[in-house]
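Following this line, the structures themselves.
Look for subunit A in each of the two complexes below; its partner is subunit B in the first and subunit C in the second.
After this line comes the complex of A and B, so read on.
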């Protein structure tokens, strides 16, 4: 029994060290910027809250200016970077985008591309971390064509081994026309921490 | 072999007549199904005509469907498009499902699927909205007015302190301390 107790004590002694090592590992894995992760106490002479307030004020001012521009509809043509079937496309209204491989939507379908990584106009850019808040920017598109690519030749040969294979393949292509990109609601300077509970993904 | 791509035309993605800007217009105008009434090779085609063709025609009122029986010939699908192109497709020994798949493909295409190698998967009329990037974008004006060769710009960003510099610094510190001591001594003497 005494032996068991000893081992338990040893384990207990080791625990704090281990936990710190784990925290270090997690820190290296996580995506959030490095300045957030530093657990050192900040220097007392610098007043962080005042700086943060200044930053917030500036951000709000910028948001207000963007909102004013959008309300007057002076923002001009919008563009967006959307994530579509594993690829990212920079699109603006009137663009044509081709999706390679099997993709269920058929011709005439009107779809909205929800994963918007970035949206911008002449004077401002909204950058998502990694995607913008759902519903902030609405990108609408129409499926125009579903066709097959040209015949691709897949030719393999091994020299001096009497081995030769030739395969042909055509992969499905889907053509999409981007119809509109709109700012659905005014931009607010709040963080995108609060998520709507409806979304599954 | 694979030299066929030497003569393959290449191009960029286009949609005919601004299709999809306002609404989508089906580009297939006419489809002709040719088959034989008693040959085995057009059995799938006959099944398709019996089971699915009426539904297909009802679903797509914009497409004219012709059915043409002919003796002892292979079954064939022909589609005619708005841009005047015509796609001919042999359906010999195809099953009903295969034929419905090919018909669907003819319907969803914009023209005959010519062997066109696409060079880009994206087409835009407005390539840049905030202006194209240049190396001088978002740079400080000082760096733009820099005259080369300049000593400051050609230095590495971080140079470790050399041993000589360290020694000099140590020596200066010592001197300073010695100076302070001397000052103290002088002050003491003055006080006395």
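After this line comes the complex of A and C, so read on.
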């Protein structure tokens, strides 16, 4: 053990600046799980507010640029990642999305997909944590068709055991067409979520 | 006297032989060699094929999940981040995109994907995940690099 310590000390003497690198190496040898090992919090002497202000300013500037582009409608075609019926789909206007399984909306229904996880255009991306504010990106869709899938044969057989089962199943399929994806209001970095009375959740 | 009772019905072999065989032959129509024409061979291969198709539906889902993992891993290795670190960093930033979406983004929206990698890497560096060699810019700003905390 003392030999090990000596070696470590020696190495430290040789590379005084790299002690942090060595510490990193020691950390990887540690028994406690990697994700528990975190850096310690910041020292109090650092002026956090000034840095925060800088960050805020930068963020606002980016929002401003996005807003300007959207105002001039130069952003091009938007895409969005929506959460629908337990799955995530990357959609863009004109797409047809196939929803498998039981899903209540009927043919001809106009719906808006509210759980937008991510939206983007040519020059910017809005990332939701985990979803974007309600009403920021409006994804409109129409239910085009409700059908059943092709017949799937569920067949099991065990050899020499007189065991054979065959079942047939068809699951409901719903096709929806994405009509439009729009930025409903300017991106401003602040959350001003207005609770509309229609929302249930 | 005709007995139409249960014991006789048990012996009945269902529909007419021709129709019973035709159902199998229809499924075997595209097979090669005698598996197409000889009933005893055809039914063997049709049963096997149906069993494979049943199992294959599950395997397909597993295969796709593996494919998405591979794609996402390749995508984030471009920026020197491992898959596990990337996913952990995203999860800790409350970004709950799944593997399918991430692989789609990696292919079709490379710049959005790069942004996600950067977010994830920054979060991983701030929280000190072991995979990240480069120190966090955030920590440098806060002067943590001078304090030799880790």
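What we mean here is this: the second predicted complex is superposed on the first by the 148 of 201 C-alpha atoms of A that agree within 3 Å, B and C clash if a C-alpha of one lies under 4 Å from a C-alpha of the other, contacts with A are read in each partner's own complex, and residues count from 1 in each chain.
Here is the rule we go by: a contact is a pair of C-beta atoms (placed from the backbone, for glycine too) under 8 Å apart; a residue touches a chain by one contact, two chains touch by 3 or more.
Because the structure is a prediction, the values reported are computed rather than measured.
S.K.: In the superposed arrangement, does A:94 touch subunit B (first), subunit C (second), both or neither?
M.R.: First partner only, subunit B.
S.K.: If you stack the two complexes on chain A, which partner ends up touching A:142: first (subunit B), second (subunit C), both, or neither?
M.R.: A:142 sits against subunit B, while subunit C stays out of touch.
S.K.: May I ask you to decide whether A:108 touches subunit B, subunit C, both, or neither, giving the answer as first, second, both or neither?
M.R.: A:108: touches subunit B, not subunit C.
S.K.: Just checking: does A:51 make contact with subunit B only, subunit C only, both, or neither of them? Give me first, second, both or neither.
M.R.: Second partner only, subunit C.
S.K.: Once the shared chain is lined up, is A:125 touching subunit B (first), subunit C (second), both, or neither of them?
M.R.: After superposing on A, A:125 lies in contact with both subunit B and subunit C.
S.K.: Let me test your reading of the model: by the given contact rule, A:117 touches which partner, first (subunit B), second (subunit C), both or neither?
M.R.: second
S.K.: When the two structures are overlaid on chain A, which partner does A:153 contact: first (subunit B), second (subunit C), both, or neither?
M.R.: both
S.K.: Report for A:73: first if it touches subunit B alone, second if subunit C alone, otherwise both or neither.
M.R.: The answer is neither, since A:73 touches no partner chain.
S.K.: Please write out, lowest number first, the residues of subunit A touched by both subunit B and subunit C across the two complexes.
M.R.: On subunit A, the residues that contact subunit B in one structure and subunit C in the other are 79, 87, 89-90, 120, 125, 153, 155, 166.
S.K.: Would you mind writing out the residues of subunit A in touch with subunit B in their complex?
M.R.: The touching residues are 76-79, 87, 89-92, 94-98, 100, 106-108, 120-122, 125, 142-151, 153, 155, 166, 173, 175, 177, 179.
S.K.: Quick one: which bits of subunit A touch subunit C in the complex? Just the residue numbers, please.
M.R.: My answer: residues 19-20, 23-24, 27-28, 34-35, 37-40, 42-43, 45-46, 48, 51, 79, 81, 87-90, 117-118, 120, 125, 127-130, 152-157, 164, 166.
S.K.: Show me the residue ranges of subunit C that touch subunit A in the complex, using the header's touch definition.
M.R.: Per the stated touch rule, the residues are 47, 50-51, 53-54, 57, 88, 93-98, 100-101, 104-105, 108-109, 111-112, 115-116, 119, 126-130, 133, 135-136, 139, 141-145, 147-150.
S.K.: Taking the touch rule as given, give the residues of subunit B at its contact with subunit A in the complex, in rising order.
M.R.: 1-2, 4-5, 8, 13-15, 19-21, 23-24, 26-27, 105, 107-110, 113, 115-118, 121-126, 129-130
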